[in-house]
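To keep things simple, chains are lettered A, B, C and D as they appear, and every chain counts its residues starting from 1.
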Amino acid sequence: MAQLEIDNLSVEFRTRHGVVRALDGVSLSVSRGEIVGVVGESGSGKSVTAYTVMGLNDEAAKVTNGAITMGGIDLLAARPEALRELRGREMAMIFQSPRTALNPIRKVGKQIEDVLQEHAALPRRELKAAAIAALSRVRIPDPERRAEAYPFELSGGMCQRVMIAMALACTPSVLIADEPTTGLDVTTQAVIMDLIKEMSRSTQMSTLLITHDLGLAGEYCDRIAVMHAGHIVEIAPTEELLARPAHPYTQRLLAATPVPDSRLDDLNAIPGHLPDLRGALPPCRFSGRCERRQPICDEAELPWTELSSQHLVRCRYPLS
Amino acid sequence: MAFVWKRLLGTIPSLVGVVVLTFFISRALPGDPAAFFAGPAANAASIASIRATLGLDRPLPVQFVSYIADLAHGNLGRSLTTGQPVLTDLLERLPASLELSSFALLFAIGIAIPMGVWAATRINGGVDHACRAVVTVSAAFPTFFVGLLFVYVFYFLLGWAPQPLGRLDEIAFSPPPRVTGAYTIDAAIAGDWPVLRASLAQLILPAISLGLFALAPIARITRAAMLEALSSDFIRTARASGLPVRKILMAYAFRNVLLPVSSVLGMVFSFLIGSNVLIEQVFGWQGVGAYAVAAVIASDYAAVQGFVLMMAVLYVLLNLLVDVFATLVDPRVRFEG
Amino acid sequence: MTVLLEARSLSKLYPIKRAGRGVSLHAVDDVSLTIAAGESVGLVGESGCGKSTMVRLLGRLIDPTAGQVLLEGEDLTAITQTKFAASPSRRRIQVVFQDATESLNPSFRVFQAIADPLKRLLGLTSSAEIEQRVRATAALVGLPEELLQRYPHQLSGGQRARVGIARAVVVEPSLLILDEPTSALDVSVQAVILRLLDDLRDRLSMSYLFVSHDLNVVRLLCSRVVVMYLGKIVEIAPAEALFTAPSHPYAQALVAAIPDPARRGETRPRLDGSPASPINPDPNICRFYGRCPKAADICTKAMPPLRAVGPDHFAACHFALSPAGAHDER
Amino acid sequence: MSLTTFARNTGYAFGENRLTLVAAIILALLTLCAIFGPSIAPYDPLLTSATTKLARPSLLHPFGTDALGRDILSRVIVATRLDLGMAVSAVVLSFVVGLALGSLAGYFGGWTDRIIGRAMDTIMAFPLFVLAMGIVVALGNSVANIIIATMIINLPFYCRFARAEVNVRRELGYVEAARMGGNGPLRVLLNHIVPNILPPMMVQASLNMGWAILNAAGLSFIGLGVRPPTPEWGIMVSEGASYIISGEWWAFMFPGAALVLAVFSFNMLGDGLRDLLDPRKRV
């Protein structure tokens, strides 16, 4: 059984202007040591998925359907206190803009100690050494000195390493990385992504990588789920998805993403924009932008089409 | 401790500015001080002689130098009403004002900060509404009016408070032996409990009226800064790391609130010192503020100038304290300094 | 090939007063660069390498500490900032700024935003003519007419990007400097804007200086690429050459860092650590020293100059191979 | 902001926060008093009467009479013009001067900035009310000088606010774009920057108005500026204060309440305006 299992998850946000159906029937699983990418444009619901797993959504969010289990524990049914104890110990998260994600007036070593103190059964005097060990695991040079630094004294890439060290301090079994390299330089991005990949392999951690960059997901993920307007529209092993996209949106997204060998003439835009997630929505939320759309797409329930045991697509007329 | 010295040096321009501006207020602005001192009945000759004795016939730079020299000797001039050196007068009355302001500040901080923090953690809850109401109301009430209302309600109607005539009912009690000059502290030192009780009874209404006005900005900024801190990325990280709520609130959110709060304290001190003048007037408190108002009414020029200068210096020093505190709280300030 | 714009030994130093006299941040340090008429040049490098300062220097928004900017031989740096605003050359270099949201005046309607440069730079006063040109430009960049009366906050990201472009091209510049024009956009919108930009360059026969951190995007639009590192140019190369055979170790690391699904699982050389300080750097130590995998003693003794390593291909590294082959100057 | 969104936001600001609406109505009434005060007032505010000294509030004198038998209601109404007038003129003056100085300092930086900044720092180095006292004493005890003193102690807020806003915008893309578009420094400042900082500054001004009223009234309370028998709220409170301990509350209560009402309304209106301008910044 997969380490992290999201089953038919639906989430709504109550806002001033109506109920936003941010997620609808999202299913996804991550096995031990596996990296699964969740890719989509802004507003597709990929971050909401991550936050819901962590139980970090704000009060306006409401899970209306579905289940999330981690290592057999039902996360949605867990009491807040039990969930809090899981966070940081069994599941951890890293964020974009690592500099602001760290407490600006607390030494980074101390911030890691805070996590260890809460979750690791360590005597107080060993906390500091453990924090330094966590820093050196992510190959921060001179960890003793860096532990004494404040976030503003470190570069963005270094802060992200601190974040990773903090997330991995208690060797969690699930890591959620929410756009971990957005805003970092490409060279730093490569180093950070290498590190995440290495860590997830060496500790058999299940990693969910949230990103808008299909190229990045393509290089680092074992499987990729493509999201559009709160739906997962396609999920497949990376090579399969990149070589044989079955959903029109995936194909469009691939065509719009510049990769090293693409040419400007091949670059294609995706017509239209995300549908308004308030009010009535067709079963296929892409139908308004889809040129292959048939009348039935807006009427009947939308089935999953299984192209292979690993390749699922939520389209009645998948590309072949 | 290097940064403390740095801040100390940083106050020099402020102090220079204060001295220069005070000098200009006293000498270079329209209105002839000599005529002022001479009074309405004076003739040209008497004005000229006063001008000479005051040194006002000399060129401005020379006057400035002698002004600085006087200041260096602690000479702020002599009060027309008391006949004493202004500095002596002021130093004698300063502890009373400091006592009042300190109690007011303690009251304001003691209520405003917990209230602001609590309001921010339960936004739109009961405490939040109460916080907003208190902030709105207390910002709209002039201190002197609040003081008078208190006197009317607690002295005249309810009879709970003693007569608002100064720091101690001197018919029933005699002031404690002077150590700090603050009656409450001196009474405690002397172990004279009845006097301590009596002086506290006198202190409570003016301190609360003064504190209420200072409370609004502190509560407002605490609530806003706490809200901002709670919605910040690093709080999200702390939650994602499963830290306990208490730790998130205190070690993460609240410590980050101290910096904006300390930066508003400068403003609060400014309010306090200003409102102090009005409140002393209302409660017959024998501090520097009441002295200054008496001087204003009696056109006692040197006394008012001395008061302005002393308050400015005090304010600069208080701001220095705030700065040092901010530096201790926030490492970033240390590095920018 | 005629040279449109030439930067000669441009430097921009920002004095750091707190640190004392003579201490300054070397944002751009002795950079020379040419852009030919009709050419599209890419400028890449990590944040803090001096890209944005270059944009402002070449756009004549700030004065260089030393060096010149020449437009078809005319020394623009000899004209003061204030005079330049009114000079005829002003219209010939335009910039499309990063983050279209910040680069549009929130209180100007789209029409005003596009019309303002026409009034100031071309001195147009006839409202009929202004209106005609604004509409023509809006059509050119694919901006529907009904959007002209909107305010920026009523537009989508892609529409704002189009307004930013329209405002810059309405005066028909010779050089358009594009400062990360698509960094805030979703890929689907980015694709449209990139194609629009490519199309406009042909139609209006402009030269481009395209500043970006996304090498895949640079590759699509540019024929030549300039790589900067800590205020210095470390490599200039035809786009294909840079991506297939980068010469400078930094450029190599940069190209190797591009995410590429086709190279999954390969271990590629990675660039670790962070750049040296840009504050008063030692002029005799290669800026890349400390992070460079090839670092040797010579790198701390002399700053490597840009030298030819292939046709139109220059690199500033002691170990870059010269076109003749494997001789190096150790 | 288009007219419709403005209308929607206005409706929102009032609808969401009824206090703003109440404040606007009170301010409208106060403005009427300020303009037509002398003709609305039932009695001559200066008319003394030996027979009706310190009369309790009654139908004849709704707010009672003071120690000289003058009608307090009439005095409170007539004083509106002076109290609001002092505050409004001081705020307008500091708004204009502060905007000008702050914009110049923020846009040109360098020496301009240093000199203006140093001047503002010097003002801010004083406890402001105390400085105002000093200024009025030095310049002479008059209403005009109260306005000048209030203007001076308010100046740093506007100046710093404008400076910060200009400084932020100076580096923004749209200002650089305006320069690219051939606008000279003055035009950039006047056409592109100042219009965008006016709305937040107006909010600042309306929030500041209450404070200006308090300051001016505080100065008259301690006997500066306004001279008896001129009706003015601060001085009326001060005159009424002597009778509290003997229980004649109306002499200080009504002018004090007028003061509170005016300050409260301006504060509420300022809050409402801020919400209108930026609903996210709600505090």
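In this text, contacts are C-beta pairs under 8 Å (C-beta built on N, C-alpha and C of every residue); 3 or more make two chains touch, one makes a residue touch a chain.
Because the structure is predicted, anything quoted here is derived from the model rather than measured.
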For this session: Figure out the least number of contact steps between subunit B and subunit C, where 1 means they touch directly.
Result: 2
Exercise. If you average the Cα atoms of subunit C and of subunit D to get two centres, how far apart are those centres in Å?
Worked result: 50
Problem set entry | Averaged-CA centre spacing for the pair subunit D and subunit A, given as whole angstrom | 52
For this session: Let me have the rounded angstrom distance from the C-alpha centre of subunit A over to the C-alpha centre of subunit C, please.
Result: 33
Exercise. Think of each chain as a node with edges to the chains it touches; is that a line, ring, star, complete or other?
Worked result: ring
Problem set entry | Pairs of chains satisfying the touch condition | A-B, A-C, B-D, C-D
Exercise. Along subunit D, where are the residues that touch subunit B in the complex?
Worked result: 118, 121-123, 125-131, 133-135, 137-140, 210, 214, 217-218, 221-224, 234, 237-238, 240-241, 244-245, 247, 249, 252-253, 256, 259-260, 263-264, 267-268, 283
Problem set entry | subunit A-facing residues of subunit B, complex | 232-234, 236-245, 247, 251-252, 255-256, 259, 329-332, 335
Seminar exercise, completed: In their shared complex, subunit B is touched by residues of subunit A numbered 54, 56, 84-89, 92-93, 95, 97, 100-106, 114-115, 118-119, 150, 152-153, 163, 166-167
Exercise. Tell me, which parts of subunit C touch subunit A in their complex?
Worked result: 46-47, 156, 186-192, 194-195, 198, 213-217, 219-221, 243, 253-254, 256-264, 268, 270-274
Seminar exercise, completed: Counting only contacts in the complex, subunit C reaches subunit D at residues 56, 59, 61, 82, 85-86, 90-91, 93-95, 97-100, 102-107, 116-117, 120-121, 151, 154, 164, 167-168, 171
